[in-house]
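In structure tokens below, several structures.
Below, subunit A partners subunit B and then partners subunit C, in two separate complexes.
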Partner chain A sequence: MVNKVKAFIIYFWLTVFLIVVLFPFIWMIITSLKPIGTGLTLTIIPRPPTLSNYKSVLTQYKFGRYFVNSLIVASIGALGATVLCTMAAFAFAKLEFPLKRPLFGMFLSVLMVPGLMFVVPQFAIVYRLGWINTYKAMIIPHLANVFGMFLLVQYMKTIPDELVDAARVDGANNWTIFLKLIVPLSGAMIATVFLLTFQFHWNNFLWQLIVATDEHMYTVPVGLAMFRSAHEELHTLKMAASAISILPITMIFIFAQRYFIEGILRGAIKG
Partner chain B sequence: MRRFIALMTVVIPFIVDAQLKVWVSYNDEEFAVFKQLVTAFEESTGIEVNVQRIPFEGQEQKILTACATRTAPDLARVDCAFLGKLAHRHALLDIDIGELADKIVPVALQSCILNGKLYGVPDQLTCVCLFYNKRLFREAGLDPNKPPATWAEFLKYAQKLTDRSKGIYGFAMRNTLWWTLPFFYSFGANFIEDNTCVLNSPEAVAALQFKVDLYRKYKVEPGAWKSGAIDPDMGFQNEKYAMVLNGPWKIKLLKTIGIDFGVAPIPAGKKGGYTTIGGTNFVIFRGTKHKHEAVEFIKFIVSKESQIKWANELGQIPVNMEAFPYVDTIRHPYLKVFLYQLQYAIARPVLADYPAIEDVANPIMEAALMGEKPVKEALELIVYKINAILQEE
Partner chain C sequence: MVSRTSWQAYLFIIPFAIFFAIFLGYPFFYALYLSFHKVTDIYDAFNALKFVHLHNYIKLMKDVEFWWSILMSLLYGAITIPLSIFVSLILANLLHRTFSLVKLYRTGFFLPYLLDVFVVAIVWKFLYAHPYGIITQLLQRIGINIPPLLASPKTAMLSVAIAMTLKGCGFGMLLYLAGLQNIPRSLYEAASIDGAPPWKQLFYITLPMLKPITLFMVVTGIIGALSAFAEFYGMTGGGPIIRVGSHILGCTKVAGLYLFRNLESLKLGYAAAISFVLLIIALIISAVSAKLLRVEW
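Then we have the complex of A and B:
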């Protein structure tokens, strides 16, 4: 009986917090179903509910195009960054080479510089290379992801050196060790880095805004900003577009969640 | 044949080169009309125009980055407050539009003049008026066709309209400096004189005291300026606030959702019912190679014909005074009020960093509204801090 009461109290509070956490999302969906112009009304149930916002976001505005742009930039960007991070992290965690420590320190010190500082010089470089208005400009400057690398280095350091030595004794070269041993063991962490980079690209507003000079190259965050003009904001359209835009992130989260749990469990068994 | 080729090598680069690059941040309807104007301009002059839409919210970073790397377009439409920053940093060319300058609404044009030079030409002009809910007026026993003419009358109305048991308030306001300027101006206070902020005058104290009293003493204002509160826009749309200050941009939406509302000039204080203006301007960037074409383009946009079209199709205030008599006040009855109010409007000073001034003033004004600081003391502090910013420039 006591257990049941305890469970009830726990579930009650969890439900309350769940509602609090989910409320902005629910409100977004509700607003996206309201007729145009009534985005600021305080009614819970849209009168009458309409899908016209979704329709005009996809047809009247080029939101489909922005979505595809974002998908291309975010997936290639995240994939590239994750591959580079994983390889670099392996080198820093498990290999010996000259100047390893000072190099690592230099990389980390980059984390201390606010990202905004890089915008103008990076833009100048991208412009000189003639990359303005291309996917290259959106992806390549962000391929180097120091934070992701740091995360992976710290994780790979926890993989016992004995495993690597054993593999080497069995005749494995660095590539084999990397692909057959390190990557499978760091799967959860690699998935995390992929997810974080994907999310970074998906939400990145400023950089995509300044390197795209043609509306066809705008990405989702830039497209969302177009629903706001000097004095007014098209709330219902913006919320419909936002609802569409969170789909990929949600899907990746649901998919990647398995990895997270797996990663935690594996650690638990090993003790 | 050889001569033809020779001719073409001279002509082709010229044609290709004579393309004006323009960045604009219009909303959908404005952009549709703007496109029509651009097409008309291309047809009449043969100058090709490449228009690019950029989001209003990100325009500052985008334009500043473009300026820093010398990739700015020839022209762009920028906000009043941003023009000052660009002009002070020498990113803009001064513009000579000749006699046309006399036809542009003076307060709008003055908001683009720095050190005697014109750095932008207004393409869009807004000013603030008093919006009131006619249904709530009737319910409170007030004549919906007689909006308050003075601030004293306004207060009486607000008290009648307020019904706290139903959550209805007579007035709702914002706390930012720009939205407080109509109070200051109509009470007879000045904002900046000779590059010095003078918001500590007795008139300014009376104006801010009035705002504070609306909230604290008379309780006809719900605190709509607090963060997280139902803001004036939202409350007016939901018929919770009977009177708010707002601009012409809100008319269409209020009509769409069927609010029975009226628009009136700013109530008169000691000086009269003065308002503040806002809007956007076309600027020409220093790196342009087509100054002549760019000036022609601006002249076309602010010409009488273009402005008549602009005003009547969008229900906005024309920037060219010659277009005033042609404004269709039957289709856009509220525009009449705004055109009247413009005679009692005060230009914006061209400052290097207007947002920074808002940033220092707003929290201090909020402290006054919360009753944490006496009004006089708050304004002295604001003047001191704003002057420190102005001196830096």
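Then we have the complex of A and C:
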């Protein structure tokens, strides 16, 4: 009996907290389903619920295009970074070579530096290369994902060296060992790094705001910033655009939760 | 034993190293270079650089608006860090048991952490809107009149901090939850036998065992507060404005926002100097926190 009461109290408080934490998103969705011009009403069930805000935001206000831009940047950015990280991580985890430790230390030192530090010089470099308003500008400066590489090195170190040695005795070269042995065995962590990099790019607002000045190159959050300053009062549309921006990460997280959680825990606890 | 030493290792590292060198290594030094220069022609900012010795740094030392922005960033950290640690600890303790719905709750608390700060800021601004936003209206219905939370000097910073704590607390929850699961049960059993009440167990076992996580939260929190930008860009734009002596200052104009404004107006040298001072401050505070919490790195 005492245990049941205790469990009830715990459930109760957890539910209260959960509603508070998720309330902004619930209210965002409710508002986005209300007819335009009624965004400030307190009705909980929109009368009648409408998808017209979504339609209008995607077509008339070009969020369809921004969404595609975000998708291109995040997918290619994540794919490229994951390939580079995996290759480098293999060398650090399973091969010996001169200058291994200093190189690794140099790469990792970047993790101590606030991200804001790099914005000014990276912008100057991208500008001088003439990359403003290109996908390149959004993707290439973030290809060397140090955190992702660190996660992969830690993971690959747990693969027994005997497996690698056995493959070598059988005549496999480094490239074969990498592709046929290490990559398949590190699949879960490679997926984690891909997803975390995808999420990083999807949310890389400040950088995208600086390098995308042409409407055709806006990503979803940049588009939202511009829409907001032009149409502050169109609340239902603003919330529809916000919902569209949040949807992909939410879906990915629900289906691939364990990859995100594992990556973040490993990164924090060992890092 | 087969030799694993191989020059081929470099082939695997080179692609990563090239992009690291161009976009993370070189920029560090380029920023240092820029911080000793001044743009003389904003229409040709990148070629019209003039060497000005320590001019930018000297100007920075005397720049009230800059030090104010650092102070506001630190204030933001001083609110969000303890608040996040407190909320995360409570959530982790509530979730640290084996009932069927734990995973569902964990998912719900953690999800907002992964979402874009700017978009979440836009949603919160809508909730805080005055006088027609839902928070104001609901409080009004139960007879509480509140000032415009994001536009009043006393409440603006706190309101942003609360919104972002609720967004980010899932991260700390996850770390503390993992930490709690790693504390050996035998410690509590021994304490119970010795007659230690639950609150003593909390202060003498649980909290000390979680210290490394708390340190991690503090250090990443400081770096995060000094880099904070999108939440303020989205919710307050740096306002509301107050008058301090002869200076007009923004109550939420944090360092990230100040840096962005300088970059926007192409004051590259000055913006680079700001970056370096921020870096130094972040490193000093992180080192001091590590000392204070007395945890080995």
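In this text, the second predicted complex is superposed on the first by the 212 of 271 C-alpha atoms of A that agree within 3 Å, B and C clash if a C-alpha of one lies under 4 Å from a C-alpha of the other, contacts with A are read in each partner's own complex, and residues count from 1 in each chain.
Everything that follows uses one rule, which is that contacts are C-beta pairs under 8 Å (C-beta built on N, C-alpha and C of every residue); 3 or more make two chains touch, one makes a residue touch a chain.
Note that the structure is predicted; figures quoted are calculated from it, not measured.
Have a look at where A:151 lands relative to subunit B and subunit C in the superposition and call it first, second, both or neither.
A:151: touches no partner chain.
Of the partners subunit B and subunit C, which touch A:73 in the superposed model: first, second, both, neither?
A:73 sits against neither subunit B nor subunit C.
Applying the document's definition of touch, where does A:206 land relative to subunit B and subunit C: first, second, both, or neither?
After superposition on chain A, A:206 lies in contact with both partners, subunit B and subunit C.
A:33 contacts which: subunit B (first), subunit C (second), both, neither?
After superposing on A, A:33 lies clear of both subunit B and subunit C.
Looking at the overlay, does A:188 come into contact with subunit B only (first), subunit C only (second), both, or neither?
neither
Going by the touch definition up top, name the partner, subunit B or subunit C, that contacts more of subunit A.
Between subunit B and subunit C, the winner on subunit A residue contacts is C.
Who does A:132 touch here: subunit B (first), subunit C (second), both, or neither?
Touch partner of A:132: subunit B, not subunit C.
Have a look at where A:174 lands relative to subunit B and subunit C in the superposition and call it first, second, both or neither.
A:174 contacts subunit C only, not subunit B.
Return first, second, both or neither, reflecting whether A:20 touches subunit B, subunit C, both chains, or no partner chain.
Only subunit C; A:20 stays clear of subunit B.
Touch test for A:239: subunit B only (first), subunit C only (second), both, or neither?
The answer is second: A:239 touches subunit C but not subunit B.
For subunit A, which residues belong to both interfaces, subunit B and subunit C?
Touching subunit B and subunit C on subunit A: residues 40, 42, 119-120, 123-124, 127, 205-206, 210, 225, 228.
Give every residue of subunit A touching subunit C within the complex, in rising order.
7, 10-11, 13-14, 17-18, 20-25, 27-28, 31, 40, 42, 83-85, 87-88, 90-92, 94-97, 100, 103, 106-107, 110, 112-125, 127-128, 140-144, 146, 149, 161, 164-165, 168-169, 174, 178, 199, 202-203, 205-206, 210, 220-221, 224-225, 228, 235, 238-239, 242, 245-246, 249-250, 253-254, 257, 260-261, 264-265, 268-269
Can you check the complex and tell me which residues of subunit C touch subunit A?
1-10, 12-13, 15-17, 19-20, 22-28, 30-31, 34, 46, 91, 94-95, 97, 99, 101, 105, 107-112, 114-120, 122-124, 126-127, 129, 132-134, 137-138, 163, 166, 169-171, 174-175, 178, 213, 216, 223, 226-227, 229-230, 233-234, 255-256, 259-260, 263, 268, 271-272, 275-276, 278-279, 282-283, 286
Sort out for me which residues of subunit B touch subunit A in the complex.
25-27, 30, 52-58, 61-62, 65-66, 68-69, 71, 79, 124, 126, 230, 233-234, 237-238, 247, 249-250, 253, 256-257, 278, 280
Show which residues of subunit A lie in contact with subunit B when the two form their complex.
Those residues of subunit A that touch subunit B are 36-38, 40-42, 119-120, 123-124, 127, 132, 205-206, 209-210, 213-215, 222, 225-226, 228-232.
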